[in-house]
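Just below sit the structures, each encoded as structure tokens.
Okay, so chain A shows up in both of these, paired with chain B first and chain C after.
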Partner chain A sequence: MDRSGTIIHVSSTFAAGLLFLAIFLSGLSIVLLVRKWHREPDRGAAPDWSIPTIDAYADTPSFFHNWDPAVKIGSLFPYCFLVVSLKSLFWCAVALIVSLLALFFSNIPWQRGLRRLTAMSGFLLMFLLIVPFTSPAKPGETLILLPMLDSLPFHLNGFYLALTIVIKAFAIALMMEPMLGTSSLPITLQGLVRLGVPSAIIQMILLTHRYIFVFQQEIIRMYRSMRVRGFTARTDFTTMKTMGNFFGMLFISSFDRTQKVYEAMLCRGYQGSFPTFSLPQTRREDLAKGGLWIMIGILLLVFDRTLPVLAP
Partner chain B sequence: MHISDGVLPTTISLATYALTLAGTALSLKFVRPEELPKIAVVTSAFFVASLIHLPLGPTSVHLLLPGIVGALLGPAAFLSIFIGLFLQSLLFQFGGLTALGANALMMGVPALVCGLLFQLIRGSSLLSNTIAGALAGGLGTFFSASLLAGFLFTSGENFLGVAKLALAAHIPVIIIETAISAFTISFIYRVKPELLMWKQR
Partner chain C sequence: MHQINSNYRDDSGQKVQELLFKLDGLSFTYPDGKTALREISLAIRRGDRIALVGKNGSGKSTLVRHLNGILPLQSGSLHYQGKALTPGILAAMRLNIGILFQDPDNHLFCNSLYEDVAFGPMNKGLNRDQVDQLVKSCLDDVGLLHLMYKPAHQLSYGQKKRAALAAILAMQPEVLILDEPTANLDPKQEQIFKKLLSAFQGTLIIIDHDLLFLYDICDRAVVLAEGRIHHDYSFQELVSQQHALREHGLDFTFRFSCCGKDHHHLSASSHHHHHPTHDHGTNDSHATAADKTTPILELQHFSYQYPDKTAGIIDVNLIVRPGEAIALVGENGAGKSTLAACLLGLHRGEGFFFSRGRQLDQGLRRSLWKQIGMVFQNSADQLFCPSCWEEVAFGPQQMGLSTNEVELRVAEALHNVRLTGYEKRVPLNMSGGERKRLAIAAALSMQPEVLILDEPTASLDPQSQELLLDILNHLAMTRILITHDMFFIRELSRRTLVMHQSRIICDYPTSSFLADTHLQGINGLDYTYKNHCLEQIMDLQDQNRG
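After this line comes the complex of A and B, so read on.
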């Protein structure tokens, strides 16, 4: 027989225990949600529309701060693609440790890394919950059969696959702060220009980034005046209509503003590009750091292919 | 829903990046240089609009807006979406950096298609514009969700279940997006109809 895989039958008592735990936890979270729902009488209160600044910690010196942005991005970006290519659980975990060390040595508060991880958690949870049950059967794999769920076996391979995805996603997300948050945004973007990104796009990114904060203030102001007039967001037709008008107003005022912004830029001598005053020199040290990261990435990939540990 | 890092195989990541760069370059060709700062400013309005969550029963959803971006910006929509998604990844980690190509295609292509569709069927009355806006908004989100499911599916048969779930999760978003787009376009048509004619702008 070719399908000689292990099938683990979970005993009914154990499964009943798991089920009980699951029901208890989901019941608890529903109770907490409902309580939160009732405790907030002012559900229309100004929601949290805060936008983090990417370069808030760009001044404290570190391994990453002292690195020429062009070489930094030019080596860490390919490194991210090398990490994406990893297949086995063990080497993905090593990549995650490398990222944690990078975050630690970049002198950026760990909360910023954590915030990035929570932003992805919903999307990744979907993989952890669905992939183990929907993976196609492969010969010789381990299945875990839960009682009463005979038609829906838990594929251990699928679980490993979902876990590698989560770990890789975490590893790359944690590299974002050391890669892009350790120089001020204009300097980082200047590095991208030196890597060959058209400067038109870079200028648009800078302008967009600037005006995000302006429009953030604008929507907070507009929303406040709606609330003063008694608006509360609900799941109904009126809310849709009001919010449709809200978006329409936002877009019209943004178009109106563009002309003024552009004329103001022309008045200040804008000729199609922002001047740059200092061009950082690429030192030998920068290149050495870049080489080190590429080496780490290649080594991870080589080990992953030659010594796969826990590969799905 | 944006694809995070680590999901797509490297080949698909790189291929979608190449397509996105080609699309962005093409989009840049269509836009006059003096229009670029203006598109940047409008992009920030779209960015901020996508942060707003609307209540849906006990949870909330935020809008994807590809239809409206396409209707308002035309060929420049792809460029605008690429920049918006780069900043979302940079600031919030919504969508991974290595999946930026796939995410930009997922939103940008529906925006272009729906923008064109909107121009073709919008007619000249308030009602026809409203219907065209609703169609562009709803179809834009539907195409985006289908592309997401398609990317997941081509990444491996293991992801079939996730692809189906992702598609199902977008159904309420499609309904809300259709309604909001109808109201938004009808508002713009009544207040400043020239914004809807990107050919003359």
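After this line comes the complex of A and C, so read on.
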């Protein structure tokens, strides 16, 4: 291993201080989250279901709400691929800012974006912790030696690499809200149909989104009835047999339900496709918005390649 | 067996309406070899209001699934408005025939109520404004306009059932077919159905075991037995002939001792007030009532909130003593099943929970299942084994009993529910009534001190109900019965708890509950509205005997 680059030795006191700070901040976040959970007075209050859920976040149409879903997906999706192609930390951070601005202008509450990021933060945090210690050493790179971990140096390059990936992931995850959260699911799926996605796949997505909750409820009810008869999952043959019966019965009931849902659809005039009112024609304005986003993506990529700042 | 294929409208000299369906020699056999329909010949005219009745498994659902071409014709003929069913006619015909199946989840396959209700009208080719107007009007009729954009999975069972009806009505069908429309609904929601169906102007075909519900709605009865039409006459004729009712498992006259005429459970000995005492001990629990037997279960100031912070039960005080027979009533969503789940230890709430005088700790909670048995509303949720023997043996095996003891308990439990000889039968292939009894046997084999039954009579034919009543009457253990069925409440309970909006609002003897005229004002539940139907039917039967 070439160790001719900079090596920074971190003193025990400094490392302990950092560790303490990290633990303190984590603890504080947990306490604040728990207190917020308990304080929230209106969680039990029923939302107003007399208006479409998507409109609950936008009284006036936003830049993204007004956009033809086909063009919106057709341009934001390639934009996301362009963001994935970025290499330097700086331009990834710019992409993250673009995503934050998009979230802001889409009139979607920031909490929704935060929830999305929280869901993936566990995995990304592990990534941030592991990659700096395990990435291959490069000539001239800076290594940080932590107390009692002399054989496992912290690679600054590896840290940049992990940070770049995390920021790219955040930037793309945040773009999902303006891309998919500013139209209802059926409208978004209609957009996908316009983009050439087969209608059968779209119907499967629609039905899956609906019935995943029904099957979830069935699983909960059936497992509950096993629990009240004393069932506790163990690592033994009896548990395997019981779970085999459980999944077998679930399969049969799912199959049965599929048949019945299909019959109910036939009874209401289903002839192979979900009825939709046709979407409005694509306007020049929609195409201009699409062009703008593709342009932003291309510019980011060009700057990333020509002016790399903090590239790992 | 005798076949009466009279067209009562012709005989009575009334105006004969246009023929809508003409079935001739229709037979159907399922792929497993079970013959469901045999030589069915039937004429249905525009404006007919038919009650299609018969035992579970008599072929009713199979017959209506032929009426809009879901099942293919195997033999015989079926004509709709004089035309044989061809693929071209089928598509148009289905848009004019609305079928409401038993399970509302099968009807609600879109992502919001609006989309679900709009599905049919959109398939009819109506324009956006017409669809919008229809959707709103139909949702308003079933009282769900304020939930227009709610996803179906977030609705209660009663709301789903009403939403499914709205989805059918929005198609403006000329024929409306309903399969068990009111199963598991509280009296208030039943009334909504009754009002809408009474107002429906088209042809109506209803499959239901609740003849009292059908009494004011239908004027013609078609009785099926073993796949054949046994009777086809006026509804009044059906209910006035007790022997015919009994022959087809429809005899609900075992319920006739109600109507406020025979309240023989007048003892107030079991009465205790909802808040018996508010003396609190040092730990804030109620002071011990030393003079009474130790309760099996006791809740004090017990509340439970769902993870989304919706109230499940609020400040419940409840004492369950050995040998008590308790009925738990209230509107759909009042918190009855949640209370049962709390008693089973499935939900951990706040407050005090005592079992045999000991406050519930982690260890005691884990062993609650040995003490309390539960029969869930839907037997399908409870039965998952490949044979009846294994199903009933599951609980005792989890208790770690010896093989001999397990065999003894299984045999006894199956005997108690009249299912001896069913050991090797596959639960999935059994009738609704048999499955319900099997679910009870599965709980009984654990010999619990308390047995909780959630809506045991739902979807059962009167004969199965009568058998169930007999079985439950012979159980010696403490019983908690969750039901809307007034007759079962009266026959099987001595004490009634009324729940409303997550609280127990009344806790009194069943006799007082039956005489309580104020409940309707509190929770909108009218448990007595069927009494006048019963009285009229009793008069009809008396006249028939005379």
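Here is the rule we use: the second predicted complex is superposed on the first by the 223 of 312 C-alpha atoms of A that agree within 3 Å, B and C clash if a C-alpha of one lies under 4 Å from a C-alpha of the other, contacts with A are read in each partner's own complex, and residues count from 1 in each chain.
FYI, contacts are C-beta pairs under 8 Å (C-beta built on N, C-alpha and C of every residue); 3 or more make two chains touch, one makes a residue touch a chain.
Because the structure is a prediction, the values reported are computed rather than measured.
Chemist: Is A:His209 in contact with chain B, with chain C, with both, or with neither (first, second, both, neither)?
Modeler: A:His209: touches chain B and chain C.
Chemist: Could you say whether A:Ser184 touches chain B, chain C, both of them, or neither, answering first, second, both or neither?
Modeler: In the superposition, A:Ser184 contacts chain C only.
Chemist: Please work out whether A:Gln271 is in contact with chain B alone, chain C alone, both, or neither, and reply first, second, both or neither.
Modeler: The answer is second: A:Gln271 touches chain C but not chain B.
Chemist: Decide which partner touches more residues of chain A, taking chain B and chain C as the two options.
Modeler: Between chain B and chain C, B touches the greater number of residues in chain A.
Chemist: So, does A:Met249 touch the first partner chain B, the second partner chain C, both, or neither?
Modeler: After superposing on A, A:Met249 lies in contact with both chain B and chain C.
Chemist: Which partner chains sit in contact with A:Gly196 here, chain B, chain C, both or neither? Use first/second/both/neither.
Modeler: Touch partners of A:Gly196: none, neither chain B nor chain C.
Chemist: Tell me which partner A:Val261 touches in the superposition: chain B (first), chain C (second), both or neither.
Modeler: A:Val261 contacts both chain B and chain C.
Chemist: Taking the superposition as given, does A:Val228 touch the first partner, chain B, the second, chain C, both, or neither?
Modeler: second
Chemist: One more residue to check, A:Pro61. First (chain B), second (chain C), both or neither?
Modeler: Neither chain B nor chain C is touched by A:Pro61.
Chemist: Should A:Gly158 be classified as contacting the first partner (chain B), the second (chain C), both, or neither?
Modeler: In the superposed model, A:Gly158 contacts chain B only, not chain C.
Chemist: Which chain A residues are contacted by chain C in one complex and by chain B in the other?
Modeler: Shared contact residues on chain A (touching chain B in one complex, chain C in the other): 43, 49, 51-52, 207, 209-211, 214, 218, 245, 248-249, 252-253, 257, 261, 265, 270.
Chemist: Which residues of chain A touch chain B in their complex?
Modeler: Residues 33, 37, 43, 47, 49, 51-52, 54, 77, 80-81, 83-85, 115-117, 119-120, 123-124, 126-127, 130-131, 133-136, 158, 161, 164-169, 171-173, 176, 180, 198, 200-201, 203-205, 207-212, 214-216, 218-219, 233-235, 237, 239-241, 243-245, 247-255, 257-259, 261-262, 265, 270, 272.
Chemist: Any idea which chain C residues touch chain A in the complex?
Modeler: Residues 65, 68, 70, 91, 94-95, 97-99, 101, 103, 105-112, 114-115, 119-120, 122-124, 128, 145-153, 167-168, 171, 305, 308-311, 341, 344, 346, 369-370, 372-374, 376, 378, 380-386, 394-395, 397-399, 428, 442-443, 446.
Chemist: Note which residues of chain A are touching chain C in the complex, please.
Modeler: By the definition above, chain A touches chain C via 40, 43-44, 48-53, 184-186, 206-207, 209-211, 213-214, 217-218, 221-222, 224-232, 238, 242, 245-246, 248-249, 252-253, 257, 260-261, 263-271, 274-277.
Chemist: What residues on chain B touch chain A, complex-wise?
Modeler: Touch residues, chain B against chain A: 1-10, 13-14, 24-25, 28, 33-34, 36-49, 51-58, 63, 68, 72, 79, 82-84, 86-87, 89-94, 96-98, 157-162, 165-166, 176, 179-188, 191-192, 195.
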